[in-house]
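By written order: A, B, C, D and E. Residues from 1 in each chain.
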Amino acid sequence: MIRTLTGLIIVLVLGAVAAAVIPEMQMREELQGVGYSYVSRGMDDTGSSNLVTAVIVAYRGLDTLGEVVVLFCASTAVVLILTLYPIGIKASEPSRVVAFTAKVLPAPILLFGVYFIAHSHISPGGGFPGGTVIASVFLLVMLGSSSVPDGRGRLPAIESLAGLSFGLLGFWGIMTVGQFLNNAFLGTGTPGTIVSGGLIPLISIAIGAKVASEFSGVFKAFRNTGGTV
Amino acid sequence: MVVALAVFLPLLGAFISVWLSRRKPRLSVIVSRLFLAGGLHSTIVLSIKLNAWSFSDLGNSIILRTGVGAPPLSINLEATGGAVIAAIVVYVAAILGISRLTSRNVKTLPLLLSLVTASLGLLFATDLFNSFVFLEIGSIITIGLTAACRCRRRWEVAVKVALVSGLVTILYLLAIVVIYKTTGELRFEALGMLHGFPALLVSGLMLTVIMTEIKAFPLSGWGLDFYEGASPGFAGVYSATWSLAVLMWSAGILPRLPIPNLQILAWIGAGGLVLGQFAGFRATSPGRMMGYSSAAYASILLILAGTTTGHDYLQLTLVLMIFAAIAKFTVFMLADPENENPLKSAAGNLLLLPILVIAGIPPLPVFWAKFKLLSILAGVSPLMLAAVVLGLFLEAVYLLRLWSKRPVRFLKNGRLVPAVTSLLMAAGAIWLTAGFWRSLSFSGSLLSSSTLRILFMTVFGAGTLLTLPGAWNRIKGERSYWFWMLLSGISLTFLPMAGNGITFYILWEVSAFAAVIAVSRGSRAAAGTFWFAVFAAASGFLLLASIVLSRSMFIAPGIPLILVAIAALFKLGQMGAHLWSVRAYSAAPATMSAFMAGTSSKAAVFLLVVAALGTGAVAMPAGSVLAWAGVLTALSMAVMAALSSDYKKVLAYASVSQMGYILIGLGLASVMGWTAAIYHTFHHFLFKMILFLGAAGVIFRTGTSDYNRLGGLIRRMPLTFTFTLISVIAFAGVPPLAGFGGKWFLYNGLIETGWLPIALIAMFASVVAFLYAFRLLHAVFLGQLSTVNARVKEAPLALLVPQGILTAALMLFSFRPTLFLEHIVPAIESLPGLKGVAPVINGTIVTTPLGNWNAWAVGMMVMGLFGFAFVFYWLSGKRPKHVGQLDIGFAGELPPSAEEVHYAGNFFKPYRRALAFLPRIHAGKVFSGITEVFKIAGDSVRAIFTGDARTYLAHSLIFLVIVLIYLRGGI
Amino acid sequence: MYCNKLPDKPDDRKKIWDKVDNMARANSLWVTAYGTGCGAIELRPLHTSRFDMERFGIAMRPTPRQADVLIISGYLAVKTLKRVIRVYEQIQDPKYILALGSCTINGGMYYDSYNTLNILDRYLPVDVYVNGCMPRPEAIIDGFSLLMSKIKAGKADGWKHYMENLEYYRENQKKVIHNWDLPDYNW
Amino acid sequence: MSTAFYWSIAGTAAGLVLVGLWGILTRKHILRIALAFTLADTGVNLLLVWSGYLPGRTAPIVDGTISASGITSAVVDPLPQAMVLTSIVIGVAVAALFVVVGVLASRRTGSADVRRMKELRW
Amino acid sequence: MISLVMSITFTALAALVWGLLLGGISRMVTARIHGRIGPRLTQNFIDLWKLFRKKSSIHHGTMFWLAPMFRVAGAIGVLVLVPLVVGNTVIVNMSFSGDLLLVVYFMFFGCLGMALGAGDSGHPYAVIAVSRGLAQMSSYELSFSAVVLVLAAGLRTLSIEEIIMAQQDGILSWNLFRYPFATAAALITLLPMQMAYPFSIVLAPQEIPIGPPTEYSSRFLSFMFSGRAIFGVAKLVLFVNLFFGGASSWISLLFKTFLLYMFPIFVSTVFPRFRTEQSIRFLWFVPTSLAAIDLLRVMI
């Protein structure tokens, strides 16, 4: 009771704060601050026509590296915990529908994922969504078979390689222009073409591979412990 | 490049190890170490480049640009001097912690390595959103490693950490939304661009986020649970890597918060420090104590942010945080992971150094920072100073309690970590002491009179040298303590040379805590050590506060003087504080007791002398308070001594009681009184040393100090008895020997000043002294020799020779006190501000306005008479026949056994009965009463940490609401 | 623990002081009264103003160390004998024994008791017997004056006799005291 | 129209955050708390996107419809979008870990009630 | 030096004789009060001689051995530290070498030695007596200290000569009249000092045979007797000096000490004995309160 009341009071007060503060945040009509610079200079600086990707991979690549690490850590932790302390639910036989789907769909989805990653700098998409899509293929395959997939060693190897390449790409930037994760030193190319945006595609690929392998690892970990996702 | 290597090498290592750890676990550990070593190397290179080790140009930085373009578009990593040093600590902790963390599961490697990267990223971060990402990495790894490490309550902890970091995420993102929306920027500088309501909101949010992250007091609940429940290995690594990084990051953010009056941070910190440490006072689990201690450091960070700026701020935060981190890391690393309650079985010996570091004992590194902080606070607000000192004291108390639980086990192969970290801490101590060297002074100018200075140095030096040989004769269960005794003695010896307050304080504390350690190594020290340490800490903090308050002078009149007086009373173990002195004296190794009671208690006298002179002589009201304290102590402790039946305890009470006379003398503030005090100080040194060394011999040979199990030792240890007898006659004040002089001067002074009631009680107390004096001699040396002790040998030479030397000195000064007085009296006479007439010394005669004393004549007379009686007896007939000890007129019966006939226990039973009308006040009870109050306070404070994770979230939110309301200036 | 040496033989050489000493001894008899039997009750009146033994310099001494005279007042049981021996031997030389009542002479009314000693003189050297069952205080005072005159004459040397014939006395003592657990010498 | 949209988004987002917070503070079941967190997280993400909203503009991707020269007046702020992406991923990661830990914790303590997890306190 | 030794020898012998005589008188007086004839006047001399000439004696150890010497040395020491007769320049002894405080503290010398000897005798009763004695001593020293303070603070001196000189202006200048309450307190403390009833808890022959000297015999005991006799005289002289105007001649010294000596005897014969704690409490409160009255007067 007290807890509910306290919660209510806190939420009400914070609501009041929100009610007070939101009207202060008037809608703008023009870009401001760094946003303006990103939009005005992004194409020239990075050669990526997808400005969001430009921000993610190029300008604020460090954030993205961090993000990758977040995901990496989370997956490692989940895998670690689940290996150490299995949840212990028995898996059931996949149904026919699932089994069938798992045979048919992986290829197109995989293609879609690869496209997502490869075109991250010119169209909506990027390493993260692409990687997730690819991981879903793994999930699907896993659900479709009753046995535990034998990905032993390969997934971590991919994960390792992908992460390493991301990091090394960053160092490459330092060695050439003294700026970590710089992508411009390769030449930005023509925006809108597939070979453009300097390092962006490469990094995207690394991110994609990493995200895919990590999510797959997580799924596998759940599966290994006999759980259903 | 180097910055990038420093930050990202561990990450590369993590990426590799995630694969390698499955294939080749051993190799992966080695590879990870290599990567960490590489990173460490980079940070060291950085630190040298930045000249960070001077701790003076901490603002210098090397910038790593990332991404494309320049800030604000891209993100910079900025390696400032301070951050680099913290980074080195992070690396060292990680390298040392690897084996501990991976001993069970090598798959934790990637997480550990990533944690290093996250820590360094946070340390070097310049961008708000970037910091957010690193914060999240840290949280996730914390949750993951907590859950992965083997300890019973990991799930609970993991859930709590996860909940809290979830909330922090939300609040932080909200702040970022507001900041970006308002300024269009995400660098730290954006905080400064805020105005009006957004500024207020952002301040509130950021403050809540930071205080939750650094576990500052009201929001520290989750941190406490974490430190208690997580496995000690991980908690240690966490505290020296991630926690350190978060603190340093917060240190960067806090001053930038758009709060109009930053001092409010200091008040939040000070309040949190006091309340939090009250709560910590109650903690029982070692891990939790460390949690409370880390809350204390978080509070100190807030205080620093609120009161200091610029260089001071950087330097203080850095020193405080890194050394606390190293120390805490060491503490956790010493824990035994096999044990159910791991910290309780930590290696006790090694535990002390880190604990002293955290508690800020000089000259350990944290002390310098705390000292500077307190000096600054003295200028800000005395109230805040008081709060901080109280908080730090409480922290020291429970930390010392943690140590005094005397965990005994040594880790089998865990010595590398403490070795390295101890080296680091020692290096820090040396480095910082060297840095502050110029502020120290050994000119001895605190005490202008060189005679007194030499006297005190003689006492301290001789006391140390004479007790030292005895320290090698240890009874069963005692561990080697001579080094600590020597250290204590050396710092005492230099005490009179101190030229300013800080020097004095350092020597004082080193001596006190070296003594604490030495005492702790006794065979039954557990009882005594804790209170000793607490009172040492208390007197230390009082002294520190007064030094800080009186600035350039050593002691200023007013409150500082009172503080110093209380500190000295604590140190003297006067009534009330006798709790520690009696317990410690009786629990310490016997020789150590001699050193403490005979020698180091004189440090307090020295302090009082110096303090009184520093303010131009003790003022009358304060003087009479001192005198009353002294006389009541003298009486009550004498009675206690008469009624207790443990050899060393009696000596302990006696020595506290005798200290009372010195206090009276000093309180008189007249030449006569001071002569009495100094005279008594010196002679008390002589005879108390003899007594305790004699006791050391007895205990060493018989293994007991219980009166009921001693007796008749005059037959086995005649030399010890002789020395003891002489010193007993001396301290009882029976004329031919020296103790009388002190009393004579004292009563002269008291009558001269007109303090008759005090004189009356003092006289009474000095007669009560006969009770325990006789009882002591009787119960130990006279009476019946028990069969158990029938074969004991005379005390070892290492104890006898010092006693002999001291006895010789005692006899010399007994018969020729003028040899001593003709130096002392002029010195005291020349001191400023003492009133009254000085005693006149003429040959062997000392004359005061009231009377005269010719010790030489009296001595000769006694010798002559005694000799005459002796010779007369000898010549007047046959020698008497010696009969056995049980051959006594026992109503025709045979005495059953020596033990049953030896009357030693319950000795002054009628006295006890006669005293029955008095209410029985035990200091122990008084203090447990005070402790009880503290406990209740602590309990009521810590009741807010209900253990329910949601309560902690509610704390953060309530705090947010309150801060917002405060910042807005009301609802 | 206990003494294990024979006492020194008394110095029998005549000295000029002997007369003075004996006078002093005779006029300063300090008494340890061992109230073994009913006779002890008759000692109390000696303190009173009616009989007032202090006028003879006789005083009670509660410790044998300071006494001169041991009064054995009445029958002596075997059990008591042990204590009496010890007390007697703890008295410093010269020392005298005053035996009260018939029991000490021949066992008196307990002559046939299994544990009462009939003839005290076999076990301890008695200087003066005071006859009676019980002797009146007057008789005791008479005994004292006899003892005093014996001392003055230098003839009260039961203690010397005891020391010289210690073996004889011990033999007799050990004959009746079967569990002899005393030290051999009790000085 | 766009103004109303702007404010309604803000209101929704704030509402989500508040509901999430209320859930966090009052729910007992550990997975419900996780859900509440996700709610609040979503609200915050919405706010992030909202903060970069400009009326009548399109996504910051240069394709045929946008000329490079007029781009500054045609697209919305890309930074919040980038941030929200990061934030979402982080949210997912945290949620995954939280669920795992929560499930395991409730297994070990025998109850999913956070009130039962109070062994560590004071 | 020679004259000093001779003077001390004379003083000690005189005090011994006077002390033994006083003892004899006291025994006679006591006997008369009891309605007895009592011993001879010389009985104490006879006792002393007898003890001195006993043919054997025993000892228990070094301290046991030395205790009687302590006792004698302490007693003579106190005696010679106190000026005997006002204006007598021949017999000044050691009174130049210390003041009242010295004397008061030196009085413990003999007691301490005695106590040590008792302890070394190994006899529990002896030690019980010592424990009682010390407890009692510490109690009466409270009031006696108060008395000393009254005199010292009132006359602004600690020197016994000066205290005597201050009482030379006729009988009303005696401290007896100047500080009647303090004198009363001092007289009460004289009782336990002289081991008189009702404070005779140390010797207490009914409970603990004779107290500390239980194990002492023969010559040792004779030393103790002499010591006690001399000590008694010394105390009387001190009291005469402090409260009764000192002594202007030997006759007046003898007379005053004799009169003063009668006081404990009379009290002693008519009172039963206190229990130890009763005695201690009585001595804490009654004489101290009396002395406190004068102490307050002096302070104000």
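Please note the rule applied: a residue touches a chain if its C-beta (ideal position, glycine included) is under 8 Å from a C-beta of that chain, and two chains touch if they have at least 3 such contacts.
Since we're looking at a predicted model, the values are computed, not measured.
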Give me the chains shared as neighbours by chain B and chain C.
E
Upon omission of chain B, how do the remaining chains partition into touching groups?
A, D | C, E
Would you mind naming the chains that touch chain A and likewise touch chain C?
B
Comparing each chain's Cα average against the average over all protein Cα atoms, the nearest is chain B
Pick out whichever of the two, B-E or A-D, is joined by more C-beta pairs in contact.
B-E
With centres defined as the mean of Cα atoms, the chain at greatest distance from chain C is chain A
Need the CA-centroid distance for the pair chain A / chain B, whole Å please.
53
Inter-centroid spacing, chain D versus chain B (mean Cα positions, whole Å)
50
Measuring from the mean C-alpha position of chain C to the mean C-alpha position of chain E, what distance in angstrom results?
36
For chain B, jot down the residues that touch at least 2 other chains.
129, 133, 136, 140, 143-144, 147, 180-181, 186, 878, 881, 883, 885-887, 889, 950, 954, 957
Where does chain D touch two or more other chains at once, residue-wise?
17, 21, 25-26, 51-52, 79-80, 83, 86, 90, 93-94, 97, 100-101, 104
For chain A, residue numbers touching 2 or more other chains are 3, 6-7, 10, 14, 25, 32, 34-36, 38, 54, 60, 63, 66-67, 70, 73-74, 77-78, 81, 85
Taking the top-of-page definition of touch, could you list the pairs of chains it picks out?
A-B, A-D, B-C, B-D, B-E, C-E
Chain E touches which residues of chain C in the complex?
7-8, 10-11, 17, 20-21, 23-25, 27-28, 30, 48-49, 52, 54-55, 57, 59-63, 65-66, 68, 92-94, 187
Of chain E, residues touching chain B in the complex:
5, 8, 52, 55-63, 65-66, 68-70, 72-73, 76-77, 80-81, 94, 96-102, 105-106, 108-109, 111-112, 115-116, 119-124, 127-128, 130-132, 134-135, 137-139, 141-142, 145-146, 148-149, 152-153, 156-159, 209, 214-215, 218-220, 223, 275-277, 280-281, 284, 295, 298-299
Chain D contact footprint on chain A (complex, rising order)
3-4, 6-8, 10-11, 14-15, 18-19, 22, 25, 27-32, 34-36, 38-40, 42-43, 49-52, 54-56, 60, 63-64, 66-67, 70-71, 73-75, 77-78, 81-82, 85, 87, 123-124, 126, 128, 191-192, 218
So in the complex, the part of chain B that touches chain A is made up of which residues?
1, 4, 8, 11-12, 14-16, 18-20, 22-23, 64-69, 72-75, 77, 105, 107-108, 110-111, 114, 117-118, 121, 129-130, 133-134, 136-137, 140-141, 143-145, 147-148, 178, 180-186, 196-198, 201, 950, 954, 957-958, 960-961, 964
Going by the contact rule set out above, which residues of chain B touch chain D in the complex?
129, 133, 136, 139-140, 143-144, 147, 153, 155-160, 162-163, 165-167, 169-170, 173-174, 176-177, 180-181, 186, 224-225, 228-229, 279, 282-283, 288, 939, 942-943, 945-950, 953-954, 957
